[in-house]
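Below, chain A partners chain B and then partners chain C, in two separate complexes.
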Partner chain A sequence: MSNNSAYKRKNLTPMLKPRSVAIIGASRDPSKVGHVILQNYINSGYDGKIYPVNKSGDDILGLKTYKSISAIGSKVDLAVIAIPAQFVPEVLDECGRAGARTAVVVSGGFAEVGNVDLQRRLTAVAEKYDMPTLGPNCLGVMDPRSRSDTLFLPTYKLSKPQIGGVSFVAQSGAVGSTILDLIVGEGFGLSKFFSYGNAAHVDEVDIMDYLVRDDETKVIVMYIEGVNRGRDFFRIAKEAGRKKPVVVLKAGRTAAGQAAAHSHTASLAGDYETHEALFRQAGFTIAHDIRELLYYAKIFASEPEPSGPNVAILTNGGGAGVLTTDAIAATSGLKLASFSRQTLDSLKKTMPPLVNLRNPLDVAGDADDKRYGDALDALSKDPAIDMVIVITLFQTPGADSRVASKLIEFKEKSDKPLINISIGSGYTEMHKIMMESAGLPVYDSPAAAAESLSALLKFYQFRSRK
Partner chain B sequence: MTTQLMDYMEAKVILNKYGLRSIDSKYVNSAAEAVKFAANGRIVLKVLSGKALHKSKSGLVKLDLSTEGEITGAFDYLTKKAADLKPCKIIAQRMSPAGVEIIIGGKTDPQFGKTILIGLGGIYVEAFRDFALRLVPITRYDARDMLAQLKSSKIITYAGERQKMLESLLMSVSRMLEEHGEIAELDLNPVIVTKTGYEIVDIRVLR
Partner chain C sequence: MSNNSAYKRKNLTPMLKPRSVAIIGASRDPSKVGHVILQNYINSGYDGKIYPVNKSGDDILGLKTYKSISAIGSKVDLAVIAIPAQFVPEVLDECGRAGARTAVVVSGGFAEVGNVDLQRRLTAVAEKYDMPTLGPNCLGVMDPRSRSDTLFLPTYKLSKPQIGGVSFVAQSGAVGSTILDLIVGEGFGLSKFFSYGNAAHVDEVDIMDYLVRDDETKVIVMYIEGVNRGRDFFRIAKEAGRKKPVVVLKAGRTAAGQAAAHSHTASLAGDYETHEALFRQAGFTIAHDIRELLYYAKIFASEPEPSGPNVAILTNGGGAGVLTTDAIAATSGLKLASFSRQTLDSLKKTMPPLVNLRNPLDVAGDADDKRYGDALDALSKDPAIDMVIVITLFQTPGADSRVASKLIEFKEKSDKPLINISIGSGYTEMHKIMMESAGLPVYDSPAAAAESLSALLKFYQFRSRK
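What follows is the complex of A and B.
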């Protein structure tokens, strides 16, 4: 096995919380990556020191520009490098000599296009100075708290996420920026974003190790194509799974089977299966596509530990209630709750006679905020109910913004996981945004809601496993 | 890296060290030796060769033999079949009990090292691909979770009755894989699980 290398922790804090940033390859030309990165640092309100570095030395965007990183005269926390690949090893070496604490190489043109030797030189320089270096061929990092952001995506194309507890790690820059864009629409906040590209120095093991220890990170979400240091990753993954929810999407699920296997075992245990085995042992939640990744991230970002598997469904539509009941029954780990005597007595007093007092509780299409409130009051007090799904079909006569406000009111005081299912377009979307920005996760399908609750339950069961 | 098939009896001895029971077996050089081995009951004759992975598919197994005539006929037939598969040996084994056939296996992944697998076995391995995989070493929780992951879990565990036994079996195999670095690949296929125990019927170790 080639995985016995002793693990040495890399300090990524100066990369995420830099007090000073040098942007090497900063440019006056708005079409250049170095220009976009500099512009983003200025626009974001980053309050550390910004040092544009450009061979010409002419001021850029009104900032004093340096001809080289050594000309700055002080050690920077982060050097962002956006210059043609062939010059990178030399410039990185200069960063090391100038005492830069970390570096992000956004430039492409390395191993991904066959320039393996050039990438080896980059790795050697990073190791020589013990300078954590992210990339090459990556988007880099974003931290909405420190406002450090090396992503060269024009701000008009991508709304920046809110501050929150979800950290996102992607090998691929394209998938990373897609997900970043989607996060904004899902209403949960970001802690850290990493796109690590070719992983020539800092890789998924280092990033996971950092995020496990990062108090601002409550949930880790990963998109990976492969792992380099298998056994190191296994060790840090097991530690991560004990401490925080980790949601993972692994590409390459349908990779061609093992050619010319000598045993049945070898023919079954392919690359994807082996990664999946590791994820299961570490207690990760496995997503199969980007939508699932977001569903799971959302539930972990907002919901507390469930006290058990019993789910109550409150709905203003009979059909949606039945579909959700089916989804609960079909999802491993979950059970349909039976209401306690006390709940039934309380509902008898508050619900109109037509409401059938059982789970799913169908409060009918004319249900308004008052009826939702009365029902939620009874359900939230019932010790036989561990989790609550509230379905609000906003197409019905009774459902309006007052219902959404009522749910938010209950969400704020609920110690049980409480999620919403709303299916619809314009008017529904508006209420989805309203509820999600108040920390109430909204799902657009019963299956997604059920699977997310199941993932939540399994994470806490895994933590308390024997 | 080229792998080689470990001698069956040598592999059986390693399994034994970990309390892994495999079926009573003996190499036979003649029909007479096979007849002698069959004195206590029905036997199976198999050709063991590094060149043949699918013994039953390739017609290299003769089941349920008891009379001298049956055994001699089968031995001669297999000797002929084996001519192209040298080096090879013919092995005689007691007939296995009836039960559920499972596979327990191991592999060395280039990235993650040793892995362990359990699944519905015998001829069903490739048809249903119902298996669970983990990285070695496994914990008791992992073993339990592997069994729970199988669609055939209830069949294999006899609705939970053989659950503990199978968990322990998996943990013993995991320990063996961990301690025997030379085992690159392992197929225990089939392992016959019965209401009262288990019996490893075929062993294939690559090193």
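What follows is the complex of A and C.
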């Protein structure tokens, strides 16, 4: 964590919402990164101007192609650079002279392989023109609203996510694309995606500063290996934590991991405990692996503020109810709700006699949409219940898509956090996608569900204390 | 934990490998449990005798049907009872008189809903005839080799698992079917499945005793809510732990969970810490949720004894390598391997110049089957490496099914534990199924992979100390 210069905000809007983009290193060869990026801009429905640039100047994919960015004759909002590392500083300088507003350098071969001087030259050029430059050694940016997308991954490997409120920031390109892939699989919506690689100019500080002020971003989720400009980072982190939920996964929590991080992005991972303490001070939610990162992102993206710590569990499997009770009781901040008199009276009328009227409420393996609906009706009205976990084991005889529809119906009108636990393979996965797409978060383990509710509660408690 | 009578082993073989089965409560109504069970025996290819029994005596599904078990005129190995609770003791008595060797009572409505006396009568009948009786309030048994299967779940909800070496024991029917569903999804093989419900006669002690001696069972995996006959349980547990890996998930680790468990199967969950200490003494691997249970089952089912604690990481994504390094360094018992001189020399010849020759070995996003093969070739020969984690992020440009095939090729000849981490959606899932089916365990998080390797190492260390 160092802090060498006065803080200056970088305007990243032209990078995310470019009216024009130059792709430098555009190629006819489908195996080249410069081809994939150009093809993606053409196919995505991006409606700004696209300028392929390469040395030959021969037209590519039916588009007029330029020998250099200067030859375009107008200033572009975004220059995407996909050429061998040694040519990058010179070409970036030309971008600056031609008035490009921002740049993304996807090329690798800089500090991460020991070419520190080459990277310094890149930084110097970006600073000289005051031109926000992302990378090098990164995937770049994606904004599903503007359809600006510099990711050079074939679509059969990575489908495009839906538009939503979660912005992801990943230093590492591979972790970034893994997270994007999981987002698509989970069916939840993306606001912005940043993979910033070596952080030669634009770093996590600039990105966080931008996302704090971005109205399209409801939740900020970050994977970071090292933190530059510590003082600025934590100043903006504190502001971010007050404004919106921030979930962070920091690699290098062990000495061995720190050494590996340094070898990967030339990051100085720093002391993990110090970082973790500062993250907590800022009100961040700390994840310890990619699965947790997604769990937390999901709950913040969909759930309202809970009115308190009391959780009701509704289940069609007794054992799963017991395991979830254990998870709630073992998770800091959460309590098992006691049902109010009125709820018990209401359940007495609607539940079959064998159902034990207590929390967890085990409505048994033959529970259908009617029984789930009756139970949810009672639980959702109970002021002693702040949050609801509904377990649906789809292997049991009563659970089917009508049960899933009933949960979605309640989710849509619920003013309490309401989440689902479903565990299983094919038949379960089908219902999971159905519920997730309708904004009902589905967890595959009681512990994950409990920890996510706890993170939700803690965020709002933190915010109300400040 | 109580211990009221002298220990007597129960012979469960006729329940798992019945030459004849009577289905009492067989029905023409497809919505009835007695219909589903009969249909399953007919469809499964079970080659013993099937005797439907119901009061009317009218033929069902083309099979001659009997008015009572006595009317069959020969002794059956297994009587499956699916009739209302109040009639069960009397019918079980008739089974005893007719010489049935074992019984499975799937019906609910006993101690779990307060009908303690009814359950006592059931126990007394089973004891009177010395007839091992499973249940009540359970799914029963499944043995893919004999195709004996009392589970009353439709096949679109739950596909049948492959034959294999893992035996699962679950007190709860819903948790049991969830686990079975996950087994099918993960593509690994089953030896026996037991859901024993209220444990009125056959309990976890009898089942464990049977599985310890069952040569088809390589790994025992148990979900339990309460332990009966504590002294017998831990005597047999100690024998089990010396003979084969045992993975246990015990519900009721909190007071709230214990209360919920009591309400579910009328189990006295007992003091969790005491149980956990005794499990550890017996050399059991302790899981804390269903996901962990599966992770551990998978590694014990497929991996050989590791020669030591040193783990090599091979990855096509730097960030995932860092996170996995953190997970290894943070997991008790594991160490990050240092590559030997010979390995470094060999890698120097085969890896591209940008690859950093260290552990984790990051072979970069363009790594293809050739590069993975060259790296694995070097790592698998290194005596300083005891276990190998191969990370394949299938979102990256080089990773495809040829990479997965290459890993399977190495897996087949590897004498070291070798596991995979793949994280992602559709394209990843496809390769995950491919690798799992070939016996290469795939994990979706670095922490899960590290904890599983640690459990593997600890089991063999425990065994060699004894």
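Here is the rule we go by: the second predicted complex is superposed on the first by the 447 of 466 C-alpha atoms of A that agree within 3 Å, B and C clash if a C-alpha of one lies under 4 Å from a C-alpha of the other, contacts with A are read in each partner's own complex, and residues count from 1 in each chain.
Note that a contact is a pair of C-beta atoms (placed from the backbone, for glycine too) under 8 Å apart; a residue touches a chain by one contact, two chains touch by 3 or more.
What you are looking at is a predicted structure, and each value in this text was computed from that prediction instead of being measured.
Enquirer: Thinking of the overlay built on chain A, is A:278 touched by chain B (first), by chain C (second), by both, or by neither?
Expert: First partner only.
Enquirer: Pick one for A:230: touches chain B only (first), chain C only (second), both, or neither.
Expert: In the superposed model, A:230 contacts chain B only, not chain C.
Enquirer: Would you check which partner chain A:76 touches, where first means chain B only, second means chain C only, and both and neither mean what they say?
Expert: Neither partner.
Enquirer: Does chain A have more residues touched by chain B or by chain C?
Expert: More residues of chain A are touched by C.
Enquirer: May I ask you to decide whether A:465 touches chain B, chain C, both, or neither, giving the answer as first, second, both or neither?
Expert: first
Enquirer: What is the contact status of A:174 with respect to chain B (first) and chain C (second): first, second, both, or neither?
Expert: In the superposed model, A:174 contacts chain C only, not chain B.
Enquirer: According to the stated criteria, A:263 is in contact with first (chain B), second (chain C), both, or neither; which is it?
Expert: The answer is both, since A:263 touches chain B and chain C.
Enquirer: Taking the contacts chain A makes with chain B in one complex and with chain C in the other, which residues are shared?
Expert: On chain A, the overlap between the chain B and chain C contacts is residues 263-265.
Enquirer: Which positions of chain A touch chain B when the two form their complex?
Expert: Residues 1, 3, 226-228, 230-231, 234, 262-269, 271, 273-274, 276-278, 280-281, 465-466 of chain A touch chain B in their complex.
Enquirer: Would you pull the chain B residues touching chain A in the complex into a rising list?
Expert: Within the complex, chain B contacts chain A at residues 3, 53, 103, 105-109, 111-113, 115, 117, 119, 125-126, 129, 131-135, 138, 141-142, 145, 149, 185-187, 189, 204, 206.
Enquirer: In the complex, go through chain C and note every residue touching chain A.
Expert: By the definition above, chain C touches chain A via 108-109, 112-113, 152-154, 156-159, 170-178, 180-182, 184-186, 223, 225, 249, 251-257, 259-261, 263-265, 288-291, 316-323, 325-330, 336, 354, 356, 358, 360, 362, 365, 393-397, 423-428, 444-447.
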